[in-house]
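First chain written, first letter: the chains are A, B, C and D, and each begins at residue 1.
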Amino acid sequence: MYDKLIRNIKVGVIGSGYWGPKLARNFHAIPGAELYIVSDLRQDRLDHIAGLYPGVKVTRDYGELLDSDVEAVAIATPVSTHYKMARAALEHGKHILVEKPLTNDSQQAQELIDLARENGRVLMVGHTFEYNPAVGFLRDFIASGKLGQVYYINATRVNLGIFQQDINVVWDLAPHDISILLYVLGVEPVSVSARGSAYVQPGIHDVAYLTLSFPDGVMADVRVSWLDPCKIRRITVVGSLKMIVYDDVEPVEKIKIYDKGVDMPPYSDTLEEFHLSYRHGDITTPAISSAEPLNLECTHFLECIRYGKKPRSNGVVGLRVVRILEHAQRSLLNGGEGEGISW
Amino acid sequence: MYDKLIRNIKVGVIGSGYWGPKLARNFHAIPGAELYIVSDLRQDRLDHIAGLYPGVKVTRDYGELLDSDVEAVAIATPVSTHYKMARAALEHGKHILVEKPLTNDSQQAQELIDLARENGRVLMVGHTFEYNPAVGFLRDFIASGKLGQVYYINATRVNLGIFQQDINVVWDLAPHDISILLYVLGVEPVSVSARGSAYVQPGIHDVAYLTLSFPDGVMADVRVSWLDPCKIRRITVVGSLKMIVYDDVEPVEKIKIYDKGVDMPPYSDTLEEFHLSYRHGDITTPAISSAEPLNLECTHFLECIRYGKKPRSNGVVGLRVVRILEHAQRSLLNGGEGEGISW
Amino acid sequence: MYDKLIRNIKVGVIGSGYWGPKLARNFHAIPGAELYIVSDLRQDRLDHIAGLYPGVKVTRDYGELLDSDVEAVAIATPVSTHYKMARAALEHGKHILVEKPLTNDSQQAQELIDLARENGRVLMVGHTFEYNPAVGFLRDFIASGKLGQVYYINATRVNLGIFQQDINVVWDLAPHDISILLYVLGVEPVSVSARGSAYVQPGIHDVAYLTLSFPDGVMADVRVSWLDPCKIRRITVVGSLKMIVYDDVEPVEKIKIYDKGVDMPPYSDTLEEFHLSYRHGDITTPAISSAEPLNLECTHFLECIRYGKKPRSNGVVGLRVVRILEHAQRSLLNGGEGEGISW
Amino acid sequence: MYDKLIRNIKVGVIGSGYWGPKLARNFHAIPGAELYIVSDLRQDRLDHIAGLYPGVKVTRDYGELLDSDVEAVAIATPVSTHYKMARAALEHGKHILVEKPLTNDSQQAQELIDLARENGRVLMVGHTFEYNPAVGFLRDFIASGKLGQVYYINATRVNLGIFQQDINVVWDLAPHDISILLYVLGVEPVSVSARGSAYVQPGIHDVAYLTLSFPDGVMADVRVSWLDPCKIRRITVVGSLKMIVYDDVEPVEKIKIYDKGVDMPPYSDTLEEFHLSYRHGDITTPAISSAEPLNLECTHFLECIRYGKKPRSNGVVGLRVVRILEHAQRSLLNGGEGEGISW
């Protein structure tokens, strides 16, 4: 299965908090990659990594990582540092995988895109869900026309924690849903609004509701919260022919396709005769690959480097998400007023 | 248990579509009430009722019902007819139970309140959930202080159907959640906004999102839809000490109390030291009476008549709900702009 | 839909405890039947019935019921009285629907069959699940060959209560599963064994496990209990091509068809090469009619009377269930020793 | 947290099929242990391990492992080889952790116990569930008396696969449940019986039902299957005061304590007065540590070595399980006849 002849790609991981170790684990395990060095400001995190992967270098100075001969760098640091880290890595000639959101500023995201293009380096954003087989199924199902016309999408992504201190819940959790929406609909929203509240940490919204308007009247509503007793990861897509629920918390039945709908009568002479009819047909749970999305993402990153391919979740996609987040943030601070977005 | 000495109250039910037969069944079964007459415009509905309750009179003319010697009238007709029906019933000296929402116009709701007061008749609104034992538990739990400070409430009430033709989904489903919110919080909202779409019937919103702001920063978000593959009836109440989920679709575990929360550290000298701590304690499902809420509601109506009591869901409560709906409707047509409400 | 020309069948119901009122409700509601009279030993039960159905006669003397001109009698009394009641009803020329199990003695069941045949009367047993659309789906699916060869069936029917005092849990709950097994497999078991315990009432088993061996190596295991914290009504049917779970407690997804299985390799030279392969395909939830099984059962009973048809759950089927129960009872008292059954 | 002064224990893992890599991962990660060498007959498995842990030696010759200076050996090979491997390891002076079941022969299990005792080495069996915090909760709850008298236990452990070729489903899956039963009840069964079938591989039972009788009339029924569409890991413990369900598949609510029961009336003069009363109280889900049981098990093994402690799941416990399995196997081949067990 694994071609011994492909060259090994040496990888460094900057940041070893919540997500960095997952990247490290995958780059360590994927054939054709070598986890070479990990950097973090905290020594205890580095000790943890060193314990797991005795051959891997660790350093508190990410400059040392950049100066090493790693070909690729994965950046899993706080969002506010993404731009600086990514810029430095590109300037050192590295291919980069930056955690979502790409940056906290669209201008900076554009600069990274430009820099990567000039240097001929891969710039990929860690929109993990674009590599999730269930999301791929959703996209294919919609594209096939089997869902009919998409009416609306409702998404919920809530649980207790993990509260961030440099970004609010919109910047933390909504990038997942926004990247999923862009990916499965294949089109950008024309406007966005957001409302929310900050209950635990003053000034940092921990509960928020986003509304994205897409062309053709498609509405998408997203609920994100760090302050909910239950872990919910659920997306409902309602179309004119079928309805789908994607529940990422379900161990097996992640996708359910409902053959449900409402049919208008062809005509009716009197109001009394007028009756909508409801269709309650079969429910189908397709078999979905249980491959780990992050593994698929890391493998894709390595392939883009190896074969000069453009990543699915490339910089331009990452920029789109940042721009939507910026508009949502403005709406959030503005009492939920809708923000038109020009593309 | 049932006191043979209490006098029987003769009841008429106007409307025998979806809800009327449930009222009929209860008034037929509750000791101390006599289901005397049912009216509806459709003969097949009346035949159905006559088949179930051979002794009960049926008529296509509700005037006949009002002219009978029934003491109490339950009105379960389309919302647009509530005012006319209720007014006529009060003018005939009847006590009335009007399905929710009380009217589609707050001015008319006020007139009914005034008329009932002048005539010394009971005016009750069919806010069934105020009689639901699980909702009563929620109210008591919040009032006891065990939940701590209420942060926010999220409510979802969706399924496929039943599409209405004289009102949209906000007027159809949201009265349940609004009456629950008013009841469990014991306070009126200061503003409301609503957004939504009409996918199946042009001009009649079938999907909507409401946001109600209550005093002290309490937010309540309500999602209602006639166009969802799953039946969801779920309310999450998040407080500073506990969190509760009320899932009305669950056959047994309707209420779950989560001993979960986030605690701020008392102080911290450096940012590095700063850590929120998460509490993940026990989950408790209290035993909740399985009494049918509508039975409790009808019994309460009869008691109010018999003993001259003011109903829990009286006209003033019904008016509050109508006023909130009116503001929500205006917001809905106005792109979701927030509407302040003065009480 | 309802043919006004069919003649009305007058029905009497003997017994108004747990099940009788459900029979009464259905015979009251089904067009073409008239609930004429209900008998019970307890006056409070009769008062309840009289309150619900003012036109219906009630009596504490079932002889009065038999002497009336009802054409059909439904018997929902304790099992130990079934034979006496059924015999008397047949001798009065009535068609009878007897609750399950038909009798507590196979000889008596045979006598009832003979008597009904001699008198040309319908003898039907209240095996409700044979009229359950989900069970019908199971039977059809197996018969179609889509499940492949049936390997085994596992059934669980447990909850807290209702403890009986004249029969144990095997006679109370297992008739449901036995009648389902006979119906969906279309064949009789060759042997049965049963084990169990009596925890609450000395001498009356409240927990039991039955094993039925069917031809071709098909095994069916049945767990019944009055003493379980959860209500479980679940049947798993495992075949060589597909597997099905029928969960009667599920409000919507009662049947799930799993495209799962194990395939033997066609051949393998060495043990190392030998690998079973597992198939994890789609899961399908077919749309199943939500018609009330008891309504379908009562309707079937009336049709059998009206058109001289032989009931699906006729006396012979009822006798089969009683015979299996007798063998199970003997095994239960005999430490679980298997009992061969000759048909 | 981790005391740098404790000496490191070098560990070897024999067998790298399904379970071995999990042991390797834990011994690699636990402070105070060093995963030093892994052996397996298959080179591809060794390549996998070498890829994950570059510093770890791998070998196809387990003799090389035994000849190394590892202090402890974990054995995760097919059951039929346990005795030979364990004996050789003890003879080389190693402390050993043997996967469950300890052996396929009680005489051999006794020999290993004796040998370990003579050599002063730790012999521990991999009964993972004895280290599962939920099982610990069960044991403590029963021991506290809060459950009241234990009536019975019902256990289900089924899913599709993994079919074994050297042992049947009883030897493969039932050791988990048997070790749980011994641990939570703290007493040995007086008899066991087993029935089952072999559907996929002739002669190797893939579906089985075990019944264990414990003192004081406590019954435990265990259902195991490799041939079920659903993964079920569920144990119900019914007591006179409370009932508990332990569902290991549930991500959060693993344990539910039901305040349910049946109460006999203190006395009753007539049968008519006799009524059992049912208690339907609160349901409580205690917070259970989410620590990985295998990590706790491996840590316990290391502590036993380091401090000369006797393991919780020591050889005598492992022998008990093997003896029960031997009796179950005899019953299985003997048509389910009960086997008394003398301790």
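Going forward, a contact is a pair of C-beta atoms (placed from the backbone, for glycine too) under 8 Å apart; a residue touches a chain by one contact, two chains touch by 3 or more.
The shown structure was predicted, so the numbers you read here are calculated from the model rather than taken from an experiment.
A.B. asks: Among the chains, which has its CA centre at the largest distance from chain C's?
C.D. replies: The chain farthest from chain C, judged by C-alpha centres, is A.
A.B. asks: When A-B is set beside A-C, which has more C-beta pairs in contact?
C.D. replies: Of A-B and A-C, it is A-B that has more C-beta pairs in contact.
A.B. asks: Please work out the Cα centroid separation of chain A and chain B, and write it as a whole number of Å.
C.D. replies: 39
A.B. asks: Roughly how far is chain A from chain C, going centre to centre by Cα mean, in whole Å?
C.D. replies: A distance of 52 Å separates the two centres.
A.B. asks: Two or more other chains touching the same residue: where does that happen in chain D?
C.D. replies: 252, 280
A.B. asks: Touching residues of chain C toward chain D in the complex: what are they?
C.D. replies: Residue positions touching the partner: 151-152, 154, 160-161, 163, 165, 193, 195, 197, 199-201, 207, 209, 211, 217, 219, 221, 223, 226-230, 236, 238, 240, 243-245, 256, 258, 260-262, 264, 271, 274, 276, 278, 280, 335-336, 338.
A.B. asks: Touching chain B in the complex: which residues of chain D?
C.D. replies: Residues in contact with chain B: 252-253, 259, 280-287.
A.B. asks: What residues on chain D touch chain A, complex-wise?
C.D. replies: Contact set of chain D toward chain A: 28-29, 31, 51-55, 231, 249, 251-252.
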